[in-house]
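This report concerns only the one structure given below.
For clarity, chains are labelled A, B, C and D in written order, and residue numbers in each chain start from 1.
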Amino acid sequence: MRRALPYLLSLPALLVCIGILIPFFTAVYYSLLRFRLNLPAMKGFIWFDNYINFLSDAAFWNTVKISLVYAGLTVGVELLLGLGIALLLQKPTRFNNIASILLLLPLMTAPALAALMWKLMTNPNFGILSYFVSLLGFHDFKWASDPSTALFTVTLVDVWVYTPFIMILLLAGLRSLPKAPFEAAALDGVPRSFVFFRITLPMLLPYIITASLFRLLDSIQQFDIVYSMTQGGPGDRLMVFQVQSYLEFFQYTNVGRSAALLIVLWAITYLLSNIFIKQWLKLRERAHGGA
Amino acid sequence: MDHTSTLEQVIRGVLITCVLVFFLFPIFWIVLMSFQTNETILRIPPSIVFEPTLSNYSALITGRLESAAGNLDIAFMKNLWNSFFLSASSVLIALVLGIPAAYAFARFRFRLGEDIAFTLLSFRFAPPLLVLLPLSLYFKQLGLTNTYIGLIWVYQLICLPLILWIVRGYFEDISPDIEHAYRISGNSWLKTFWKIAVPLAKPGIAAAGLLAFIFAWNNFVFALILASADKQPVTVGALAFVTASGIQYGQIAAAIVLSIAPTLALALYAQRYLVEGLSLGAVKG
Amino acid sequence: MPHLELASISKSFKSNKVLDDISLAADAGEIVVIFGPSGTGKTVLLRLIAGVEEPTAGTISIDDQDMADVAPEHRDVGMAFQNFALFPHFDAFENIATPLRARAQSAAQIKEGVARVAKLLKIDHVLSHAPRQLSNGQKQRTALARALASSPKLLLLDDPLRNVDAKLRFEMRLELPRLLREAKSTVLYVTQDYKEAMALADRIAVLAHGKFVQVATPEEIYRHPATVNVARLFGDPTINLVETVVGEGATIDLAGETVEIDKAYAGLKGRSVTFGVRPEAVALGDGAGLKAQVMAVTPLNERTVLLLQTKGGAELLASLPSSSPAIPKAESEVTISFNPIGSHLFDRETGATHAKGRA
Amino acid sequence: MYEKEKGLFDAFVAGKLSRRELLAASAKLGISAAAGGMLLTQAQTRAMAAEFDWMAYKGTKLKLLLNKHPYADAMIANLQTFKDMTGMDVTYDVFPEDVYFDKVTAALSSGSSEYDAFMTGAYMTWTYGPAGWIADLNEYIKDPAKTNPTYNWDDVLPGLRASTAWNGVPGGELGSADAKQWCIPWGYELNNLSYNVKMFEKAGVQPPKNLDELVATAAKLTKDLGGPYGVGVRGSRSWATIHPGFLSGYSNFGQKDFSVADGKLTAAMNTAESKAFHKQWVQMIQESGPKNWSTYTWYQVGTDLGAGASAMIFDADILGYFMNGGDNKEKGNIGYAPFAANPKATAPTPNVWIWSLALSNFSGQKDAAWYFMQWASSVEHDLFGARKMDFVNPVRASVWKDEEFRGRIDKSYPGYLNQHDTSAPGAKIYFTAQPLFFDLTTQWAETLQKMVAKELPVDEGLDKLAANVDKQLKDAGLG
């Protein structure tokens, strides 16, 4: 009974998820097919040809690159910003508590709708942000429209929407850190930078990893914001995985290729999250193993 | 730390102001938009001087939009209810399933434990697009097509991993001795879990539940593909104002404001627990 | 019939063996102190007895009943944790009341029971406080009160004085024996403070490297330590230890001078040993014999400690009652001899004490 | 009702009298215009009931999948008529346009039998048809047992009938003899100029007649108006950027997307004429298009015109129509002009978008669903929508002749009828029907974006695009 307990506790959650994910294996099967809904005659099993074709496909590598750059950029900026804000709001005063909840508002705005609003705000004619920017002398700032600023604009929206997610997790983490080491350090007159890098940051690391893991999983699979803002353009500047595979599926009905793309995405995500989780487990062993 | 200098306080104040402006200005702007007609929203250059109107809200709430192009039926309030019902039930079920599992992963080292935990997390990055279409076939056989139960089940893909991983971290931060002390005092495992572990992880549970609720609320692809119009959430509903005869920005803004309201209320409510958790310094000795 | 019996208990975490085949029996009402330096598995042992961990091998019996399948809540054990482990979301009253509530007592009984232990431990004025509002001393007393509240037959106290300040520790060391006697429970008390062990124990079990090195009364342990390590762990100032070889007729070489020791060791000629002598067994005189110079005199309350140096350069500590009329001054020269009662020879290889055989 | 009057209206409904004749005749009989309207509605029902058993599927429940669109609104407003006439029950799911086609693909690809009929565009049937999701409607239209005698299929504009019929052969001509009728045209839009009359007056320009003039006029407007830009066209990375103004102008120069020989397709967008056209088009956007052009879809193009941010658009005529009403700032200021990009062309050749009705192959009650479809695309409903609702552009020739409709449009949308009537004969789908339609047009739009952003010269870009397209055609076994 004692040994069975952990299994009994985790089994329902596992079963519920696996139940939904049986179709995932259907998807894996699809990825091994030449399968376009509107060319039924050419449907056939082709082993790994869909994947092999990717290797020589410049568009595919562009997608890999853009997805990784996008994920790295957004998660990086959001992490720094989120940590900074969490530190600013660390003291549990009334103002800080209210501010932290208000800062969650962007997260509560559905990304698809947020993108629509940002599109309006960056519209060169009616957009308030375009107006502000023009007051600063940038009359020709084209936001998501220009290849050189598209990534910046979409990152801006992503940062706006998702930084609060990291902020709230890190804030919770910061506030639950034990007080003793900080009091001791304050008494000993240890410099604040030292306290931050040697005490705060290491103790916060598990929270940082959890937060960035979830952001990374979402960000590398970004769809809503990119699709609503630029549909992967201008050109192929923002052609991330989900947008490409969405187009492959819903517009081109190329199920085989779409599935293969998503499986590659899944594999990349799996790999990345594995690295993160290894780190996370190591930290946990260090934190709890000593006791 | 009382010896923060005035300069530091000024810098902090400036930084917090910048942060608030960046994150809240768009929201402020959306709120302003929700009290305007399309005509005033689409002014060149934009301006904050306008004659406020409640027409956007009344259209959403009464479900009728009178426009030159005729009357439009709006199912927005129904969408709002769907969102609320789907998100709340999904989070509730995810909590019921996720908290015990999170506890198991945090407290017990068991064979395959980490593998199961990772598998559960990996559901988070299973490509929803691709899973959903075959899923609709299975749902048909199971009789779950176009049912709330089916949707709530699929929503577990969003809620469960999040709750599992965040709450797990909190459980791990609670000293096991506190639970041991309670058991040794003569209480069963179940009672200890319920009276000690769960209350102590409350801030984590509140945070995870809130985030899961928000993510469930923001989702639209699940319901779009698996259910008919009467079960669509507010995210799909708000897109109804993107019409061939123009985007009704005022109504979308009002829809966003209305759709944020319940989540905000929940967040303010959950804040109590988040704050309560802050005083648990003793737990994490 | 012993109240608590541990038979061949082993406990490993992965490949790390923390407890290695240990056995112990404790009679009802007996106070057994588990003593040992940190990291030797004392806490683990208590957890095994409480049932929150399972032994890798061996059996634990309470009242002759095998505890293997008995859940912690059914073992009728009270336990106080080193880090207190108070329930942060309950106030002090509820913390203490927990074991009473679990035993389905009436509200009145609970109130009375809490009041009783609270009064005993002098925390009756802070019962409505949350743990975070309590001082460390109050937390410690609350934790103790919680363990005592239900008058369990077996009390497990895990170094309860570790995390409190020196003054409180001193007070509690005086109070605890009375409290524990009153509780009439069998007590397993873990500490790494030998004075605490000496003050409280009916018997001390010295744990080192996962094994009991010696289980005996405090006096026995002090007088007849089983190993050089046990000798070193008990006593303040610590025992003087000199590595040497036994010479002709119960003598040893002490930094070039031959010194007589207990005749009982006469049979050990030629053995490599560690000679140990308690500072209080170093007798000072002014006649003939081994001369030493007094290097420093440190009065420590009731006793005064002297640092002595022989001509050959060996340094020894001696401890005299402060009330002694003849405390030498620094720089003065004295003659020293070793009281057989406080002198021991330990095998240099194994560390084990050489028995004092007949000459 | 008097038999004489009934006879008069029945004759009109049967198409024997023109509107003018009817009005004259009713006036003689002393029937007021309002009462005439009521009589007409009754006549509709009666006419359709004649010689056809509308009640054949009484009690059947139909479910429709609809896009949130004025056409759907017009149908819903009139739906009671159908229910009364047939005794069927009709329910519907309306989804926002942004997600509508995803929902359709999701429903059909999973073989869902939930929906009996649904709205679609003609391009989409090039996927749905070969995938086997929709029924060939010729089997219904041509079967007198299934279709009521007054349905008058030939009344539907011939270009539209052809554009929605395809034999399923990649590159096969639309409307060929062996074509299957994949959907029924319901409402359509063709692409011409809609412009802000006041701005044109202010800048002192006339609606341009060809591409050279368009580029020059747009530049002049941008320069002179000091704020609004000259011409709005779509630019997002999507097939939707190619199909409106762009393809209409392109086709006017006789250019094709593909050339078809021996059943094989080859890219045809890198001819010298095509390159010249692309250069002008790109120049036009760079000089006088919207700054955020590459994010521009239907909505932005329309919004700018309606809010006075642009002086004209080369896009769907009904987009200009919508912007002349509602709560748009520039309502009442919008004018319409036909546009032939090629100075040598005799008439405009607008590409069209046709909102149509398709019959799901997974429906368990196709015959009943066809009843709904023929009613919804009937003269009577088309008339109702065109007169009372924004069911424009109607697809039936007879409706375009309706005086009440013409009167309403001419009054509120001056120039609209002219642009339509001038362009209608040349209005059809100018794309080559083939299964890679969405892939290749999206790439075309992507290439355009790179050209406008000056990342890629036009000539090189088109050659690359053509090479890329040819490769994909080959891979799919089409080239």
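In the analysis below, a residue touches a chain if its C-beta (ideal position, glycine included) is under 8 Å from a C-beta of that chain, and two chains touch if they have at least 3 such contacts.
What you are looking at is a predicted structure, and each value in this text was computed from that prediction instead of being measured.
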| item | value |
| --- | --- |
| Number of steps on the shortest touching-chain route linking chain C and chain D | 2 |
| Each chain counted as touching chain A and chain C at once | B |
| Distance-maximising chain from chain C - centres being C-alpha averages | D |
| Which of B-C and A-B has more C-beta contact pairs | A-B |
| Inter-chain centre distance, chain A versus chain B - centres from mean C-alpha coordinates, in Å | 16 |
| Inter-chain centre distance, chain B versus chain C - centres from mean C-alpha coordinates, in Å | 56 |
| Whole-Å separation of chain centres (CA-atom averages), chain A against chain D | 40 |
| Residue list for chain B, restricted to those that touch at least two other chains | 42-44, 132-133, 137, 189, 220, 239, 242, 247, 280-281, 285 |
| Multi-partner residues of chain C (each touching 2 or more other chains) | none |
| Touching two or more other chains - residues of chain D | 102, 109, 307, 309 |
| Full enumeration of touching chain pairs | A-B, A-D, B-C, B-D |
| Complex contact set, residues of chain B against chain C | 175-178, 180-189, 196, 199-200, 279-283, 285 |
| Chain A-facing residues of chain B, complex | 1, 12, 15-16, 19-20, 22-24, 26-27, 29-30, 41-46, 97-98, 100-101, 103-105, 107-108, 110, 113-114, 116-127, 129-135, 137-138, 153-154, 156-157, 160-162, 164-166, 169-170, 172-173, 189, 203-204, 207, 211, 214, 217-218, 220, 234-235, 238-239, 242, 247, 249, 252-253, 255-256, 259-260, 263-264, 267-268, 271, 274-275, 277-278, 280-281, 284-285 |
| Partner chain B, residues of chain D touching it in the complex | 68-70, 73, 76-77, 92-99, 102-103, 106, 109-112, 114, 227, 298-299, 302-303, 306-309, 318, 322-323, 325-329, 331, 389-390 |
| Chain D contact footprint on chain B (complex, rising order) | 37-39, 42-44, 67-70, 72-73, 132-133, 136-137, 140, 145-146, 220, 224-225, 228-230, 232, 236-237, 239-247 |
| Residues on chain A engaged by chain B in the complex (per definition of touch) | 3, 5-7, 9-10, 12-14, 16-17, 19-24, 26-27, 30, 84-85, 88-89, 92, 97, 99, 101-114, 116-118, 120-121, 125-128, 131, 160, 163-165, 168-169, 172, 175-180, 186, 206-207, 210, 213-214, 217, 221, 242, 245-246, 249, 258-259, 262-263, 265-266, 269-270, 273-274, 277, 281, 284, 288 |
